[in-house]
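Chain IDs A, B, C and D follow the sequence of writing; residue 1 opens each chain.
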Amino acid sequence: MNGQTSAAAAEKHNSYEHLPDNHPRHLIPSLCRQFYALKWVTGTGGGVAMKYDDCYYLAPSGVQKERITAEDLFVLREPTDEEQQDPTINTSNSLLPDTPIVTVSSPPASKRYTASQCTPLFFSAFSLRQAACCIHTHSQAAVLITLLYQKEFKITHQEMIKGIRIGSTKNNYQFYDTLRIPIIENTVRIRQYTFSSHADDDNRRSR
Amino acid sequence: MNGQTSAAAAEKHNSYEHLPDNHPRHLIPSLCRQFYALKWVTGTGGGVAMKYDDCYYLAPSGVQKERITAEDLFVLREPTDEEQQDPTINTSNSLLPDTPIVTVSSPPASKRYTASQCTPLFFSAFSLRQAACCIHTHSQAAVLITLLYQKEFKITHQEMIKGIRIGSTKNNYQFYDTLRIPIIENTVRIRQYTFSSHADDDNRRSR
Amino acid sequence: MNGQTSAAAAEKHNSYEHLPDNHPRHLIPSLCRQFYALKWVTGTGGGVAMKYDDCYYLAPSGVQKERITAEDLFVLREPTDEEQQDPTINTSNSLLPDTPIVTVSSPPASKRYTASQCTPLFFSAFSLRQAACCIHTHSQAAVLITLLYQKEFKITHQEMIKGIRIGSTKNNYQFYDTLRIPIIENTVRIRQYTFSSHADDDNRRSR
Amino acid sequence: MNGQTSAAAAEKHNSYEHLPDNHPRHLIPSLCRQFYALKWVTGTGGGVAMKYDDCYYLAPSGVQKERITAEDLFVLREPTDEEQQDPTINTSNSLLPDTPIVTVSSPPASKRYTASQCTPLFFSAFSLRQAACCIHTHSQAAVLITLLYQKEFKITHQEMIKGIRIGSTKNNYQFYDTLRIPIIENTVRIRQYTFSSHADDDNRRSR
């Protein structure tokens, strides 16, 4: 009875060179460089997280996003029922106090990296909305929208909204649909935003 | 009596490394990365198609344009007269119901890629206007122009319009000429736009 | 009595790999890619020319600037007195009807490239103003300035003007100086602009 | 009694290939290319300096920032007490007349590079404010701010100010704090700006 899956098993190796280009260990650093060039994540600001197989891959906090390497990711996974009852297995994580979780891999201790303060927010998106990937952006365009509108940004009659899923359904917005993005006031420290059950509230932005 | 030409023959190989840099197998992925950097094709949006020798090369639909590889292209060609009368040769394509066409090559089945919904539009440009290459863009500049003008965007006294052919002639616009770009309302699904016989109507944009 | 110099001698080789990175054969293609990324030269528009030792290196006309390779350059040099009197040496060039010039090297004939129509303009800058490098740009910023101002664009109190030489002197503009850039109406075909003897008229732009 | 430390010792080698990617010899050229792409340092304008271990690394003056190589840096360090009393050791530098300093390494003499005129300004930041890295920028955004405001630019309620230290403390600005950036009139030549003892005056800009 082994809780290991292919993604977790891949983490047992000491290097990541054997993994394909589209594995999160390579894809997240590649996307971070790409998003940096697009000015979506600026230096240490912003973050990216991804679910792959049964593992969650998270970029570290406060690290230049354009310089993240494969070894710099935090990898977490949900414990099996057996693991949850095994006292020798650590299933607690201070960033996720209410969620049993196993730390599969961390960056080298010498780098002293910490997981993003957005981790609980990312996990809300993973668990409540079946998200497969999250981006936490401070792009100037996203910030400007929150300054132009008070409660909500709406957009319609744009082809590009066809790339966005409606809530946690498998359907995408259509050209004539209206995409509504709630604007929520920021707090000094990122707290755990709980996602509501209303599909239209899924795309949230803080300044 | 062999319908094969050099371009179609090149497709018989299992790899594309032997082809020169300016062959569509390499040029289209390279241009897609370049157009992505220019924000002309954004992620899965937009598309590129090219005619080379007797083959048509099309980027797949819904794939990150900046990550397309040589094997990801669809390659089509017109059948010879003999092939059209040979019942063992498939000359039908659901995207081009009125055009006999042979599928020379498709992306690996494991990738489950589909040809662009713009395929009929691209083929109208190829057949009715002798286009050699098509780009389907969602650049912000192109979209903004359709919001600023209702029916047509006109521009003159600009050196850069000298790079654009007048309709399907071999002549280019001159500095003092006026380039007119029709603006056509978008539809929920891309339908087959038929090109008119009026040269000035050649450059069309949907939002 | 050999008119050959080191730059011309370097052109006798069949390849350019042995030349250093800052040789025009490598520097011009590298700068063209860089200027394309900056949107200073857009595709086939614009051009670059450079004087190095006793040779003039010119980018070809109508070629995608971001895809120029070392072999794509035209290399010209002024003939020696002896060469000018030697009927076996061709010292004429249709683009420079009044200037005896020797063609040291051209792109491979199979590419059918032609030298830039700006060649006479570049040579006016080389001969009348002792320019060492010329850029012919269609950047949106440069074009917009010609639309905002009628006869002249002036700028002062900017650190960056310290990078610009005053006419053909060895002195640069200072922070408090005023840089004046004449705006000259474009013509359908690029004609030979003759540079005036007034230092302030050196920086010219056409739309 | 050897004043040598690890950083200075690394400079004894003839090449820099053995140094890690994040060593200033590699990091400064890499950041200069990155900052050039961001249009923070434009060609020969602007500069970067960094303190690492006991050495100061400075980009050369008037050199294309995007083309700086590892060997192009100036490396300085403070002399030990013994070195200061040793007449055979040169501890003077014309750019830092009041500061005893040892030149650990300079670019190859054949390149004729000079240290940045900003060197005294960088050293004020290093010594008076415990800065670890300095950037001298001519970005259009920075210049525009000095044209929009007279004496000071203030910004608050922005996540990105959390990346900036408060004066020479170890604390960073918080979301609700106000970051104040003084605007100081430029002079023809960069003179030694002396940093005041008021923490809020730490971030200075000249046009």
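Keep this in mind: a residue touches a chain if its C-beta (ideal position, glycine included) is under 8 Å from a C-beta of that chain, and two chains touch if they have at least 3 such contacts.
What you see is a predicted model, and the numbers here were worked out from it, not measured in a lab.
*Asks:* Just send me the rotation angle from a CA overlay of chain C on chain D, rounded to the nearest 5 degrees.
*Replies:* That rotation is 90 degrees, given to the nearest 5.
*Asks:* Same residues or different residues where chain B meets chain C? The copies count as same if more than half of the interface numbers are shared.
*Replies:* Comparing the two copies, chain B and chain C contact each other through largely different residue numbers, since under half are shared.
*Asks:* Please work out the Cα centroid separation of chain A and chain B, and write it as a whole number of Å.
*Replies:* Their C-alpha centroids are separated by 35 Å.
*Asks:* Need the CA-centroid distance for the pair chain B / chain D, whole Å please.
*Replies:* 50
*Asks:* Can you tell me which residues of chain B touch two or more of the remaining chains?
*Replies:* In chain B, the residues touching two or more other chains are 37.
*Asks:* Line, ring, star, complete or other: which one describes how these chains touch?
*Replies:* Here the contact pattern is a ring, one closed loop where every chain has two partners.
*Asks:* Return all touching chain pairs.
*Replies:* A-B, A-D, B-C, C-D
*Asks:* Which residues of chain B touch chain C in the complex?
*Replies:* For chain B paired with chain C, touching residues are 34, 37, 157-160, 162-163, 174-176.
*Asks:* What residues of chain B sit close enough to touch chain A in their complex?
*Replies:* It comes out as residues 37, 42-45, 66, 138, 143, 186-188, 206-207.
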